[in-house]
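Paired with subunit B in one complex and with subunit C in the other, subunit A is shared by the two complexes that follow.
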Partner chain A sequence: MQPINLTSALAAGKDFVEKVRKASGVDVKACYQCGKCSAGCPVAFAMDYTPRQVMRLLQLGLTEEALKSHSIWLCAQCETCSARCPRQLEPAKVMEALRIEAKKAGFETEDEIATFNEKFLRSVASNGRVFEAGLVIGFNLATVRPFKDAGVAPSMLVNGKLKLLPHKIKGRDAVRRMFEKAEKMEGEHK
Partner chain B sequence: MKYAYYPGCSLHSTGIEYDMSSQLVAGKLGVELKEIPDWNCCGASAGHTTNHLLGLALPARNLAIAEKEGLDVMAPCASCYNRMKTSEVAVKSSEETKAKVAEVTEMEYEGKVGVKSALEVFVKEAGLDAIKSLAVKNLGGMKIAAYYGCLLVRPVGIGFDDPENPMTMDDMVTALGGEAVDWPFKTECCGASLPTAREMVGLKLVYDILTMAQSAGAEAIVTACPLCFMNLDMRQNDLNKKVDNANFQLPVFYFTELMAIAFGEKPAKTGVRKHFVDTSSVLAKYNLK
Partner chain C sequence: MRRTGVFVCHCGSNIAGTVDVERVAKEAAKFPNVVFATDYKYMCSEPGQQVIKDAIKEHNLDRVVVASCSPRMHEPTFRRCLESAGMNPYLFEMANIREHCSWVHPDKEKGTIKSIDLVRKAAAKVVKDEPLQKSSIGITKRALVIGGGIAGIQVALDIADAGFPVTIVEKEPTIGGRMAQIDKTFPTLDCSACILTPKMVDASQHPNIEILSYSEVEKVEGYVGNFDITIRKKARSVDMSKCTGCGTCWEKCPTKVDSEFDMQLGKRKAIYTPFPQAVPNKPVIDRVNCTKFRTGKCGICQKVCPTGAVDYEQQDELITEKYGAIVVATGFNQFDHSVYGEYGYGKYPDVITGLHFERLINASGPTMGKIKRPSDHKIPETVVFIKCVGSRDEAKGKSYCSRTCCMYTAKHATLVHEKIPGSKSYIFYMDVRTPGKGYEEFYKRTAEEYEAQYIRGRVSKVYQKGDKLVVRGEDSLIGRPVEIEADMVVLANAMVAREDAGDLARTLGISYDKDNFFTEAHPKLRPVETHTAGVFLAGACQGPKDIPDSVAQAGAAASKAIGLLSKTQMESDAIVSNVDESRCSGCMICKGICPYKAIDAKLITERVGGKMAERQVAAVNKSLCQGCGACTVACRAGCLNLLGFTNEQILAEVEAVCL
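Now for the complex of A and B:
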């Protein structure tokens, strides 16, 4: 590992810490690193940095390391960390803010999860609701494993658990406009 | 009692049993459900982790429609419930957020109506006495692990039950004559979409929950979320194929299915025949067929 000059990193990361505070309402500086979040995190075993370490990266001004971490994508948003934080800091909201920023910066370190979310939202934007069969097929094709979970399809069809065509709501144009507006407004408020 | 009903995307597809059994239970308990006209998806986790404002606005459109009709919303899905609750609280607590959400949705949502989970409406509000008086069948001591999942009891501070040791579903099981086993994974996360998007990470979470329920002596799991249900029910077969020595055959129920069966509905009508893991053996064992 390369040595890091923390003095300059701290100064450089100040603005980003403030940006995270504005976006999430969480002041990461108040974290006292007890590790309660990581102890309860069900996905910590698969993360490159535990939730506590993600908070520490931000405190130290190591913004890019945080934005490039796999952790922010693996986070399942179960809010266990937020429920247990003795400082009421809600690390799950920090994870949310970091993922949004990472996407803007073009750091998508977990392709499959990013692709799944994209396909999910595209389905909502065009139909107003999620079309599950289309989502799974589109996701499997994009991630080049066309037959994942295909074995369950026949019984799901028989049981009415899988629709072959999407249900398009009447207000789908309104929903599509919501996507466009939210994107524009969140861009402006950066 | 009358509620605006928000089934959410899952209850019209993979979680169809939850819709069927919720309607049956509502009928028995005298809860009138009026589906929100032309409702849209709440955005789930994908929405708010991609665009914070979008994550608030998508549920707010549904809340705005319900508000026009003057009805609180009942959302059976834990994720829909959590997203709607988050949106409701955000709009109620900040004029700035309210204005932004209104601009995106092009609708007024004042925060006059809110959202409740199906568990809250069918058990907490209806009350255990009403449930007992409607029951014509007894669960006969069936050992059941009540699994709430993560989002049903969060965000913390605004939920209807304890975020670490919720009891609403345990109380329902006990009221119907079942034995709610004591176990520590009531609110562990099932991985949500991870078993689909990042299979081996997600499957570990499902494996741990099933293993813990089994070692607590559970003969079945009862849940209140369509994604938890799908992961716990459908993924047992994946685990049995992919994990050495795994041999799960643990029936999973929606709490509404067990309620409807206890209220005398034919099991097939509640949706239990649509599960991946066989439910007939455990139901037969306790004369609930």
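Now for the complex of A and C:
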């Protein structure tokens, strides 16, 4: 294993740590690596770096490794970590910020999850809330598994848990404006 | 026929849970000479003691056995109880049926049988007990403090303020110790000298304090309250009564020597005071390096001295003084890390220790407070700190944590950040331990506001690359090796005992641990006392300590010494060795065995064959004897007996259990 040249890594990573701080409001340098986030994380078992390790990668200036990690996509945003962090650091927000940066850099290590996120947001943008049937069909077609989870559809339909047509909310314009504004702000960050 | 009372304690459920205490009392009532036996929930409580007192009166008892816990805690309690009931307190025995029985045996039946045996043993011994009397000794109301660092100074000031004369014996030419070498103190970043030097001056001007600098304790005789101490006043080559400390001599001295005070980073003269605020501010001649002493030529200092104080003929002087109490405050040394070849100390001049760093950053230090690396006087931009150098390393160093390094390293990193704009500090650590008031906050500030990069892992290698030192370690939090190109490396060396601590301990007759730190009498409840009565401990000579802890311990040691000195007479224990002079052959083997120097020869006159003849026998000084019993075993004639534990008493116990 090649040693990390900390002198150059830290210098190179300094701006990125600042970027994460601006985007998420979290100063990753303040993390004291206790590991409570990772201990409570329900998806840590599937991660390549635990949430604590993701924070440490950023502290050491290993930006690319953090952006290429699977963990940032596997994070379910349940915010257990954020609720329990003794330093009040909200690792979940860091994960979110890292996903945005990874997408920009073209490191979508978990493309299915990236696709799902994309479809989900598009559905909310056009309907004002998510249209489950449309999202599932769209996601299945995009990932070329058209009948994935199709078996649960009939009973969900019968029980009223799934609708065939989108339920459009009243304030769709307001939601659309929120998306537009967010996209514009995104542009400013670049 | 003796009248013995036996009192069996339940100790709540501590004893009664595993031992049938009622049965023990019933059985005890049948033992010879036992006229009364009972049990009670807590024998040591006020009502418990009343049970004993009432029984003594009612049954006219002349011997008492309490079957309860270890005598360590409550033997004095019950002795006082007997005394207040009008009995001699030594007509008493304790059977330990808690630590020796209930706490270590799960089986109630067997535990009960063993308890009965233990009580039988005590009941057999108590019959042989004789009334003993405590002796008392006078006290010399003066204290000796060995070591003039911050702990010693504080002890001296506290005892002197209480009205007792104190002598500080300091082996260096000035008091002040390690704290004088330190630049700033954590976590407040107070200037160390600014808070220390006023105390040094207070000590030197206090009417009750005498400072013997450049002096060492040579011999300790006597005992608590009455120590005879021989002090060697090393030849200073300067007449203290004539010298005014004007400084002409050291200005003119042509010989330059590496300064010990500045950790060899700066120079001093052959006639010198270690630092400008020295107390006493009067120089000494370093005879090893002085040209006059080496070649016989020079003598400049003597020529320039306006008061004629320089005296090349001066000799060491031995003085013997009496003291009632001794406080040892000899401090610590820095761990010698030359065993860590991998850190490149000695090979790379820019690998330095914490104390070197203190001198580098000190405004009156060799670089006038500018942090310059020793090799080329360049100002370092990247500084790597390595913690636990010698601490927590059983292979090459010490097993213990030195307690201060985490904090002084954080302080150093803070000072680097403050003094060198654009600099970066890296700190390799295993754990960060900050258990003092305001310490964790200080560490947090160092890491966050002063941007010190903490890396969890031990450094395994430092090597030169160009004009950089490459430091290789592992970030064990991410599990990957890391490298840093540093300009300077600072090692956080462990605090270790003074190299001559063992010698001093033997001189004083106090014990020391595997690391040569002096041992306190009890790790929790008697932290400033030693096993030798009248000798107390303060500061880092007892174990690694920072300044606040040293000062606190100094106050505690002072209060113990004051407590001793405030008495006019002191009682000593009655359990001492006793000589049967009629059988003593005067061989004096016991004298060499006695660890407390309590036995000496004396001449007695006796009638032999109708004539008076003089004969040598052993005599025990009852004040000095600590009742250890070593002499009783060594005595070939068996004429030495430990009162309270005589051969007869021990045999009575053995017979009670074995026959």
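A few remarks follow.
By definition in this document, the second predicted complex is superposed on the first by the 179 of 190 C-alpha atoms of A that agree within 3 Å, B and C clash if a C-alpha of one lies under 4 Å from a C-alpha of the other, contacts with A are read in each partner's own complex, and residues count from 1 in each chain.
To be clear about the criterion, contacts are C-beta pairs under 8 Å (C-beta built on N, C-alpha and C of every residue); 3 or more make two chains touch, one makes a residue touch a chain.
Quantities reported herein were computed from a predicted structural model and do not represent experimental measurements.
Once the complexes are laid over each other on subunit A, subunit B and subunit C both fit without any clash.
With both structures placed on the common chain, the touch criterion links A:43 to subunit B but leaves subunit C unconnected.
In the overlay built on the shared chain, the residue A:29 is in contact with subunit C alone; subunit B does not reach it. When subunit A is checked against subunit B and against subunit C, the one touching more of its residues turns out to be B.
In the superposition on chain A, contact is made by A:60 with subunit C only, not with subunit B. Computed from Cα centres after superposition, the angle at subunit A between subunit B and subunit C reads 90 degrees (steps of 10). Looking at the shared chain after the overlay, A:1 reaches subunit C, while subunit B stays out of its contact range. Of the two partner chains, subunit C is the only one that A:10 touches; subunit B does not reach it.
Taking the two complexes aligned on chain A, the least Cα distance separating subunit B from subunit C is 23 Å.
Touching subunit A in their complex are the following residues of subunit C: 382, 424, 426, 447-448, 451, 453, 455-456, 472, 475, 477-478, 480-485. Residues of subunit B that touch subunit A in their complex: 9-10, 12-16, 38-41, 43-54, 57-58, 61, 100, 103-106, 150-151, 154-156, 163-164, 187-189, 191-194, 196-199, 201, 204-205, 208, 234, 237, 273-274, 276. Of all residues in subunit A, those touching subunit C in their complex are 1-7, 10, 27, 29-30, 33, 52-53, 56-57, 59-60, 62. For subunit A in complex with subunit B, the residues that touch the partner chain are 23, 42-43, 45-46, 74, 76-80, 82-83, 95-97, 99-100, 103, 110, 112-113, 115-118, 120-121, 124, 128-130, 132-133, 136, 139, 148-149, 152, 155-156, 159-163, 167, 169-172, 174-175, 177-179, 181-183, 185-186.
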